[in-house]
Amino acid sequence: MSSIDSAFLIAVFRRAADRLEAERQALCALDGEIGDGDHGTSMANGFAAINDHLRGMARQEATPAAVLRDAASTFLAEVGATVGPLYATAFLHGARLLEAGDLDRQQIGRLVVAMADGIKARGQAELGDKTMIDVWYPAGHAAIAAAAEGGSPAEVARALRMAAEQARETTVTMIAARGRASRLKERSLGHLDPGGASAAIILAAIADTLASAA
Amino acid sequence: MSSIDSAFLIAVFRRAADRLEAERQALCALDGEIGDGDHGTSMANGFAAINDHLRGMARQEATPAAVLRDAASTFLAEVGATVGPLYATAFLHGARLLEAGDLDRQQIGRLVVAMADGIKARGQAELGDKTMIDVWYPAGHAAIAAAAEGGSPAEVARALRMAAEQARETTVTMIAARGRASRLKERSLGHLDPGGASAAIILAAIADTLASAA
Amino acid sequence: IKKFLNSPKDAVNEALEGAFAAFPDHIEPIDGSPRAIRARAAKPAGKVGVVIGGGAGHEPSFLGFVGPGLADAVAVGNVFASPPPDRVLACTRDAHRGAGVLYVYGNYTGDVMNFDMAADLAGAEGIEVRTVLTSDDIASAAHDDRAARRGTAGNVFVFKIAGAASARMYGLAECERLARKANDACHTIGVAMESCSMPDTQRPSFKIGEDDMEFGVGVHGEPGVTRVPIESADRIVDQICDRIFAEMQPRPGDRVAVLVNSLGGTPMMELLILNRRLRKRLEAREIAVHSTLVGHYCTSLDMIGASITLMKLDDELTGLLDDPCDGFAWSFSGRRPS
Amino acid sequence: IKKFLNSPKDAVNEALEGAFAAFPDHIEPIDGSPRAIRARAAKPAGKVGVVIGGGAGHEPSFLGFVGPGLADAVAVGNVFASPPPDRVLACTRDAHRGAGVLYVYGNYTGDVMNFDMAADLAGAEGIEVRTVLTSDDIASAAHDDRAARRGTAGNVFVFKIAGAASARMYGLAECERLARKANDACHTIGVAMESCSMPDTQRPSFKIGEDDMEFGVGVHGEPGVTRVPIESADRIVDQICDRIFAEMQPRPGDRVAVLVNSLGGTPMMELLILNRRLRKRLEAREIAVHSTLVGHYCTSLDMIGASITLMKLDDELTGLLDDPCDGFAWSFSGRRPS
């Protein structure tokens, strides 16, 4: 089986960038309801910048860890914001994992959880705080479980995608305890977490890349 | 026949004030289209101030000329604006006419024309410039003509009112050459002149007071 | 349209009370009337008095431009309505220090009638009054009909020059000459995206189509001279520049002062975007920018829109512009010739 | 919603270019980046550097508060988004004059993470950095959870105090103490009538009912803490005052500085009406007003709304507040103790 290499990651970033661009306004609208309305802008612009940057990289030579490190610094410098440090740290944690040794594509869940750990380390959110980690962790764990049960890449991809979608919906029932929306207290109830929504988009891009490469 | 006395003028001001108040928003809307949207405010507040002031006057003692002079200063001090000096001068011209000798109510047209002369003297507008004088003059002349033909007070009142209404409509076809609307040039075409519209209201109040007193 | 208001008819007086409370070092009522206002700073005998004024709804105009190096007194009318003569007269008496009084205000029928009546009354009291009507809005009438044009944001520069001249203790005729010269040097065009709404109606005074804007608006929420499709900020500035340059006929090496003014609802971020393009256009013509004001200087209630004013400078106007001034809306420590 | 814009994604950089063009005496880019900005005025060796910053969309915040007696450098992010660490670091290096650097910025997750990363990087270069988070918005969290509150218009006062302390050549610890004290003294509540709209969407970020307003909003177009029916200006001020007084516990004879701030679309006339009632409420409590700012200081794009900030003063804060300062949004020649 093939491992998570640069080409795979580059394909993920391309796919995610396209979809975030398509959902730019929808994500801004979600963020407008309980935040400051910029989430779609940050995510779409940030991933577009990663994409532009990766296009310029000598693809052959870059290790997958290097791709993630570059994505981290590009994203951070482009958007700053709340998501900048969070995703930059996520990518760096992912890079560290891949530096430790090649990771089989089926083990994508481990990369997802590593990234979630990065987000958590940086943002200090707990599960249930109505943040993006409420989507990253369940999705990662579902993918790990599917792989552990011997699922095919397509099955792992399906598990990842489904879990992300479900987890995104659960954020509706949470009261925000981190980030801007936390000032709204109960008023954040009944709304999707925008960071959770964009997380689901990125996770779907990972899943689809896994499924289509398989 | 009775002459134009203080009671008559006070009744006119009361009636006009009520109707201008009722048309406050409509006049502002007309002025919003080709002016600055304040005409209803100036006219309604100005006539309300006159009314308040006259209520405090010792009605018995005041001559009709004194009523008009008081109306002039009250209106001017209250509204300033474009209409302040115009109507103040109108009232002063009217006062001068009444000081020259008692005026029969049937001769109301002469008072109206005297007031129009005041407006014209102050504002330097010509007929056809799309201003309030395009309503005051035709109405005054129609009332004079009706009286000359021996019409009853009710007939004079009718002539006054009809002419004012018609004249107001003719302002739609004029291009403003005076005041704020003149900067719009051809764009003022197709709109009623707000000052003409409020003039018609005042003239109707005069006509109705004449008719009801008769 | 939602606003912070109590009874609409009290809006002007309440705003003025709020201004006296906020800026006690700058302004105070004359004889207790909130509508006739003087600068707090002492005015020396023999100084020409500068009296400005106009309707309310333009805040911080006009009262923000009263103080040392600016006007001495300001008469305030109702919203978009000239102050009556008695108030202008109160300002005139207060500003008179034996050297006569200069009126500087926008060229509007109402203002002209009321200020002229006040000037007559002042004249009868032995106070010499001269008048300079501002007419910087070049969209409002043709080039050969400058006298028909209205005064808009360029006011601010004319007040400054008149105030500086009077602070230098120039005589009345000289103050008048300089104010007139400043006005002649000012060229303004305004554009509006949305109409304003009056306190009294709380409805937009007129409607502009979804994709349209008004070109050549004044500062009273009036419709503009033409309605045109909305364009990008840069194209809007280009249209304004084309019109101003055609009129101003700038030559390479000319110097200007710039005012990018919000009509009320347009925030500073957008004004700065306009200023960027404006600067590029000026640079392309090799016109030097001596100084720039960007912000809310002469508003039209909550109108969404902006105006650009260029004042063409010579050494005389530059010197006066560089004098210090201290109104609550324009406080400047001055600039020495370099 | 119509705006003066070119491509939305260029809006921030274009606005900054416009600002550099408009205020060349006040600000300039550091190393050519428009997003890391320094005060033009020379900074003496041994002076503590004051670095401020945050997202764009608050103009004239934060760049208008850079200059003598204010901050030394400002890092600018995207609209409503914290600047990334590299830019903050560029500001830090530039502001460092051997005496360390004080960060002053609003308490938001994004800003805290980015500035903290920058502080770590600066620390690694041997630059000592201290941080004061502003948290003046008392509506945003309970009294006993002050650390969770966000920073809003009170920023302006905290920048002023920090800048004055550093201009007096106080050390880093003392500058930090005073900035913290200023922040503790600031109490802000904001209300919004209409949401703002981002350049990118040009649609209102959220809808408020016809007859409702949001109470307790920040400066990022977020919904407020509660949605309440619109009331008169006076009643709105009363609600704000009740809330602030409950927190501030003023006693007769206390002194405050006041900021009545537009959130962008609300014009000065309405701010003045708010200030009138505010003054009455303060007078009734026998609270003296030392000084007042009214205008557009910390906006939320084109949001229709306003905020009121009271900073409770003691002699130390009063002295620092009275020092001169010169940013393009706050230029003040200073006031000597009377």
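Think of it as A, B, C and D in the order they're written, each chain with its own count starting at 1.
The definition used in the following text is that contacts are C-beta pairs under 8 Å (C-beta built on N, C-alpha and C of every residue); 3 or more make two chains touch, one makes a residue touch a chain.
Remember, it's a predicted structure, so these values are computed and weren't measured experimentally.
A.B. asks: So if I look at the partners of subunit A and the partners of subunit B, which chains show up in both lists?
C.D. replies: Looking at subunit B and subunit A together, no chain touches each of them.
A.B. asks: Greatest Cα-centroid separation from subunit D: which chain?
C.D. replies: B
A.B. asks: What is the distance in Å between the mean C-alpha positions of subunit C and subunit D?
C.D. replies: The mean C-alpha positions of subunit C and subunit D differ by 29 Å.
A.B. asks: As a quick test, compute the distance in whole Å between the mean CA positions of subunit A and subunit C.
C.D. replies: Distance between chain centres, rounded to whole Å: 54 Å.
A.B. asks: Nearest whole angstrom, what separates the Cα centre of subunit A from the Cα centre of subunit D?
C.D. replies: 33
A.B. asks: Which subunit A residues reach two or more other chains?
C.D. replies: Expected reply: no residues.
A.B. asks: For this structure, enumerate the chain pairs that meet the touch criterion.
C.D. replies: Those chain pairs which touch are A-D, B-C, C-D.
A.B. asks: Where on subunit C does subunit D make contact in their complex?
C.D. replies: These residues of subunit C touch subunit D: 2-6, 11, 14-19, 21-23, 56-57, 59-60, 193-194, 213, 230, 232-234, 236, 258, 260, 264-276, 279, 289, 292-296, 299, 301-302, 304, 306, 331-333.
A.B. asks: Given the complex with subunit A, which residues does subunit D contribute to the contact?
C.D. replies: Residues 9, 55, 77-87, 108-110, 113-114, 117, 140-141, 148, 150, 195-198, 200-201, 203-206, 218, 220-223, 225 of subunit D touch subunit A in their complex.
A.B. asks: For the complex, which residues does subunit B have touching subunit C?
C.D. replies: Listed in rising order, the residues of subunit B that touch subunit C are 24-25, 28-29, 31-38, 40-42, 45, 76-86, 122-123, 178-180, 182-185, 187.
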